[in-house]
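Some structures to go through are shown next.
Two complexes are shown next, each including chain A; its partner changes from chain B in the first to chain C in the second.
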Partner chain A sequence: MARFAGGKAPFLRLSDEKGKNTNTIMRDFMIALLPVVLFSWYKNGIQVYIDGNINFFEMLYPLFLILMGGFLSVVMEGIFFYITDKKNRNLNDILRKLSTSYAAIPGVILALLLPVYTPIWVLMFATFIATIVGKMLFGGFGHNIFNPALLGYAIVGFTLSGFITDAGGVLNGSEILVDTYAGATPLGIFAQFRNTGEAFSFAALVEPYGNLWDFFIGTIPGALGETSALAILIGGVWLVARKIIKWYTPVIYVGTVFVISWIIGMIAGDAGLWFPTYSILSGGVMFAAVFMITEPVTTPTNSLGKIVFALFLGVLTVLFRFVGNLPEGVGTSLILMNIFAIPIDTYSGIIRTKGFKKPGLSFISVLAGIFLIIAAYTIIASVNMYTAFLPIINIWQVI
Partner chain B sequence: MIFHKAKGIQIDGKKELCKKSPLVEYLNPDTVYIPLVRRSLKLEPQVKVGDLVKIGQVVAKFKTYASFITHASVSGEVKSIKKVWHSSGKMVDAIEIENDHKNTLDESIKERKNVNELTREELIDIMMDAGLTGLGGAGFPSYIKYQTKEKIDTVIINAVECEPYITCDYQFILKYPEKLLRGATYMMRAADADEVVIAYKAYNKKIEEELNQLSDQYPHVKLSPVKDIYPAGWEKYIVEQVTGKSYKSLPAEAGVIVNNSATAIVYADAVEKNIPLISRPISITGEGINDPKTFFAPIGTKVSELIEQCGGYVDGLDPMQANYIAGGPMTGRAIFIDDLVLDDTLGAVIIKPFVTWDYPECLGCGRCADVCPVYLTPTEIKKAFERKDVKLLGYLDANKCMQCGLCSYVCPSHVEISEAVGKGIDLLRKGAK
Partner chain C sequence: MKELLNKKGLIIGLSLILLIVFVFGGMYSRYMTKQIDVHEVERYESSLVELVDDGESLEDFESEGANLSYQIPGSEDEYSPELIEAYTVLDDSGDEIAVIYVIETIGRNEGVRAAYAISLENDELLGMKTISNNETPSFFGRLNDRFYRQFVDKDMDVIDFSIDAVSGATYSSLAFETGMKFARELYAEDYGFEIINVILEINSLEYNSDLDTINDYQFVAEITFDEDNKTSVIQLDGDFNYIGTESGDEVTQAVKDALPVFVPDANLINTDVTINNYDSATRKLTVSVSGFSSSGVTIDLLIDESLDSVTSIEYVSSGESYYEQPQGSVENGFVDTYNNDGSIDSVDDYAGATITANAMKTVIEWIQSFESSLNGGN
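Now for the complex of A and B:
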């Protein structure tokens, strides 16, 4: 008689097979980031070097910055493990913990969100916020509420953006020489228009940077990773093909931004498709759609929740972009929605099994109400609709 | 009911392990240990130590239910009543009978002449007297299904066997295809139904061929191939696939009775020769077995004897790095000591080495929710259980779970999620009381 090991049913696990577990998922995320990393190195390093505007070492700087982001966050998590766990301090234990913590991914994503001339010490601070504050203090991988990379990016954006601008900012060595760029990203230009209340036009928003094709390829000024929709799409197709992400999450998010921007453009008097296209191709919309709202830990788990999340996020992005004060709406809206991922998860779980009945119904109707109000407010506020409505209101003698 | 697409997934069956060799009849073990338990109900022994028993003699029954009876599966002397390991994972009392190899039959076992004139009530009584329980694994007494007040249109014979590794139904059918059809016919008459449907996996072409050859004599029997997915053998799934109807708790609501194919074969013997449930098919398989085989063995046989017949464990098998699984790999139970006896619910014993690696945390990928056949959200149930939130568990319909184990199977982080859901169900039942 032999004594056998115990265990819980099921005794077959897909994850025990090679290449079907979380390690593979995270490896595939890294592979998906590869085209983005390479393009941003090409655009900010190699191309500028070929133009003769920087020297050889400056050419390597974008790649160095991105790799440094991954490296720093791994090192920081290692130190965190060393400090917090007194019993397991030898190298093997720490390496084992790091292997299931996947620290490099938020680091690389964080670096891709930052401008090309970010000083290393700013990156270091951002990585600290991202991995230690945003992830490890919440309990490590799988327990964080906020997307770590996004948290690091947001804190740096609120506090240290001046240092980045002083160090050279968002324009790379070649772009700084182009007069029409006026020292700003497309969304920066847009914010100026929005704040002064001038009507925007194709000539003012797109033409300084070429045409919309340039926006798609990514040869416009912007943060390291977010400019090229093409490279991001390649990564996205890879992730969908590997069944790591659901195709509809990015599509719904980008679609929502597209449709609401279109409506805003129409009301503002220009129904051309250029405006919504410009809206989704500028800033971090595409990058967030593929790499951040599909990040499994901080977004809802089930399919219904993912759809609700993407819809809501799209509305909030437009709201922050067209109504708020900051030029970029993606990061702020995503951080806000990260919190709501938890109730969305719970209630979509109830709705999945019970259907649109009590108790899920009340939640979903409140959510839908907020959704509609925000969407309407966004559209109205962004084009000063109340002036358009005033005559009608006068006729009805409401006021 | 939204975005419900998944209805189970395809799992690598590994059935070819056991399909190589045909069914082996192993009818004369030296000693049998007949467990005194049925569906966690304790049975009262009807024999004393030292009695001589015959094959088919009633040796134990439940006090109040006349139907929970167990028969001797070999003839010989009752040696003792002692504890043995049971497939429920506990030690239970069992009657030890030493086989005298004379195969004396009980007087009740004789050819029945008027098979074609039996009424519905008589057929159900035979089922009761034979102690017939579902041989699929649940061990539910079959006659209770037939005593329903509802009008039954269809009897479905479940030969799907969706769990990986197990092939006992498949090989039992190939051995006795005609008995299956006869048993199915009797079941149809016992239910007063109009037709009987045999559901099997579409890739099992051999079953189709065998049964098609005999289909001329049994025109009321229909064949219904189902897709190769897990859990295709689940009662609700089969009823939906075959009849298109759905029901809440019992298939009788939809006018359907579902029975396992092995039950039908045993029932054919019970009707024609009055042989009660004394033997059943069992697959001994898994990567840890030298020569996996399927046996037809008396209830109470020591599984270790059957494993010896298979050539024992493979060389270099580390028992502490292997599971000894009673039942299918998806829903079965790990047994610690390899000293199990065969009972009426045990369809397979699987010896399977496992690997361990550094399991990460749940990352919230949502695959468990995507594959759930009853559209639950396992991650949320797990969270609600960890917070001991009984109300939320009720909202999330945790008790709808049928413990198929798919959520744990697909989990890329090796989270024991179906175990957590099971604990959630327990908490919900306790809290609801």
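Now for the complex of A and C:
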């Protein structure tokens, strides 16, 4: 007879590898982040230093920022534990709690989502939002609704992004010298096209940054950890191999973004694969796919739930890229989907145990309907799609 | 104190860590931001030093300035270029070897800012570098390497201190030329450099119609020069170089040097026709006129025995080519009409060969003018 676990995620199956526990999961997670951290440091620090555009002290800053994200997160959780638990205020108690709280991970992920010139005080504020507001106030590890790192990133994005720009912004010391970048990330350029209603083209969106290979390797402007699809994939392969994440969650998410973007590209008159490829390789799609939508606490735990979650997230990511105020749609869509993680998990769990019967069937029908509506709206919301529709609308009016 | 540390030591320690991160991390962040400006200045100064071979470093320089006005391109109004900053360039032993003036001028729009480097050793303009501009990018982009090379190792001790403008970016070209001239004026003020100054006026210019001397000089000009208003009638070759004096005061060397610049600027007559050769044995005068091609069209004039009229003209050669018509057909059409009618009034315009047709009209008008002046016009 099948057994089901209750309570909050993350869950560990007894049948899994012997000796594996939450500690090993988090350790593997940190190992998976290592290629991303190292590439980020190389691209924004070491390479720029080799280019002769910064000095040694400046070269260390990207690494310092990332490590400081994790460190601050730990310190803030320690303070929180001290303040909220009057009976266990000695160092050993706090260290014991910290060891099972995995405080460093949201801090490191948060830092990887931020631009290289993020001031430390902004990072501190973001870490506070992520760790204290996003995680500890909800009850700590395993109880939070929102991805803590993402919450910190989103709050900073909406409130303090001007300070980051003033401090130097997203372009590193070498990128600032490249005229074709025009001071913007690929999605920043995309947003300009979106706002003006001009049709996008390979020459306008990709060529200023080289080619799609550069997007894959990660030698393009962007937040510290999001540019290198290669480094992210290495981390992703490690997590899949270690059975920390399910392979299909990132694949379905990235695949959905790819397909929706492809449809938009085709209807806009450009059927090339470059646009969907550009869509998945720019911004935070790949990073979110491997490190955020696989996060065990704030996403569904069962297979069906993960699939539904990834599908909706993919559509919303594209939608928010076309209609949102921010160039990137990943953060907004993921926060939104975090809210629905529990109901999706609940109903998909029912479907798994009882099959497609009421209320599961009605639930899945409603979900499918919502999915189709959002997908259709996403496509229509793209300016280029609307432009492509104009001749049809005109013909309709003539008839 | 000890009790406090025992009770609150942990929270004080954790808070101190946050405070330290806030203070020192904040200082690190500020340092990073400040470095952006530092690097920008370094790159800027480095780009200026690169204008000067053997240049190692820059030093601020206080220029005397110059109060001069230049014409705004495309306008009758004048303006004064703005000296933004000036530097001296030092070599590796700390000696001043050049001066750099960063000057803002007006092209199509205001704000054409460029650096002009001048050698202190040989008074040459070493190079120019654009700093910023507000010009129309599509036009400004036409300024190519060939244009910029004109500013490299350019002798400033000349009358004709100018550059060739780029077609389609004339105003932007003028902005740099003005900046270059203003830099020379500043250099003259700061370092006592003497700019060649010639008082010269071209009163008249005409082709030489004396067949005995036509191979020696092509033009005759009457000029007034120097502060004493001296006058002379002088002989010039096809490039307006001084050949000799026919009458009047002796011409100074400075005036002779200035003639190739001043004569074309005076724009008194059409000088498109070049006299190539006169053969007195056959009484054949060979002339050419520039057209679409650089080699243009070459025509022979057959002079009659009494040397006072043109008997006929012959088409010799042409570098012209035009749309859907055999080479030489346009030129021959004009020549035949002229020989038959004595004029080209009956010639229609040649569609697709406008420039060649205009060249032929120019040379035939010149022939008519030349014929009337032959043998003193008798």
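We adopt the following convention: the second predicted complex is superposed on the first by the 363 of 399 C-alpha atoms of A that agree within 3 Å, B and C clash if a C-alpha of one lies under 4 Å from a C-alpha of the other, contacts with A are read in each partner's own complex, and residues count from 1 in each chain.
Simple rule for what comes next: a contact is a pair of C-beta atoms (placed from the backbone, for glycine too) under 8 Å apart; a residue touches a chain by one contact, two chains touch by 3 or more.
Everything quoted here is computed from the prediction, not taken from an experiment.
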First (chain B), second (chain C), both or neither touched by A:Y278: neither
Partner, of chain C and chain B, that touches more residues belonging to chain A: B
Partner chain in contact with A:F312 - chain B first, chain C second, else both or neither: neither
Which of chain B and chain C A:G142 touches, first, second, both or neither: first
Touched partner set for A:G78, first chain B, second chain C, both or neither: second
Contacts of A:F215 with chain B and chain C, given as first, second, both or neither: neither
Partner chain in contact with A:S99 - chain B first, chain C second, else both or neither: first
Touching partner for A:G168 - first (chain B), second (chain C), both, neither: second
Partner chain in contact with A:K354 - chain B first, chain C second, else both or neither: first
Contacts of A:T301 with chain B and chain C, given as first, second, both or neither: first
Residues on chain A lying within both footprints (that of chain B and that of chain C): none
Touching residues (chain side chain A, partner chain C) in the complex: 53-55, 57-58, 61, 64, 68, 71-72, 75-76, 78-79, 82-83, 89-91, 94, 117-121, 123-124, 166-168, 173, 176-177
Interface residues, chain A side, partner chain B - complex: 1-16, 20-25, 96, 99-102, 140-143, 244, 296-297, 299-304, 306-307, 345-346, 348-355, 359-360
Chain B to chain A touching residues, read off their complex: 1-4, 11, 164, 304, 313, 319-325, 329-339, 350, 352, 354-355, 357-366, 369-370, 374-377, 379-381, 383, 392, 395-397, 400, 403, 405-406, 408-414, 416, 418-419
Residue ranges of chain C in contact with chain A within the complex: 10-11, 14-15, 17-18, 21-22, 25-26, 28-33, 35-36, 39, 43
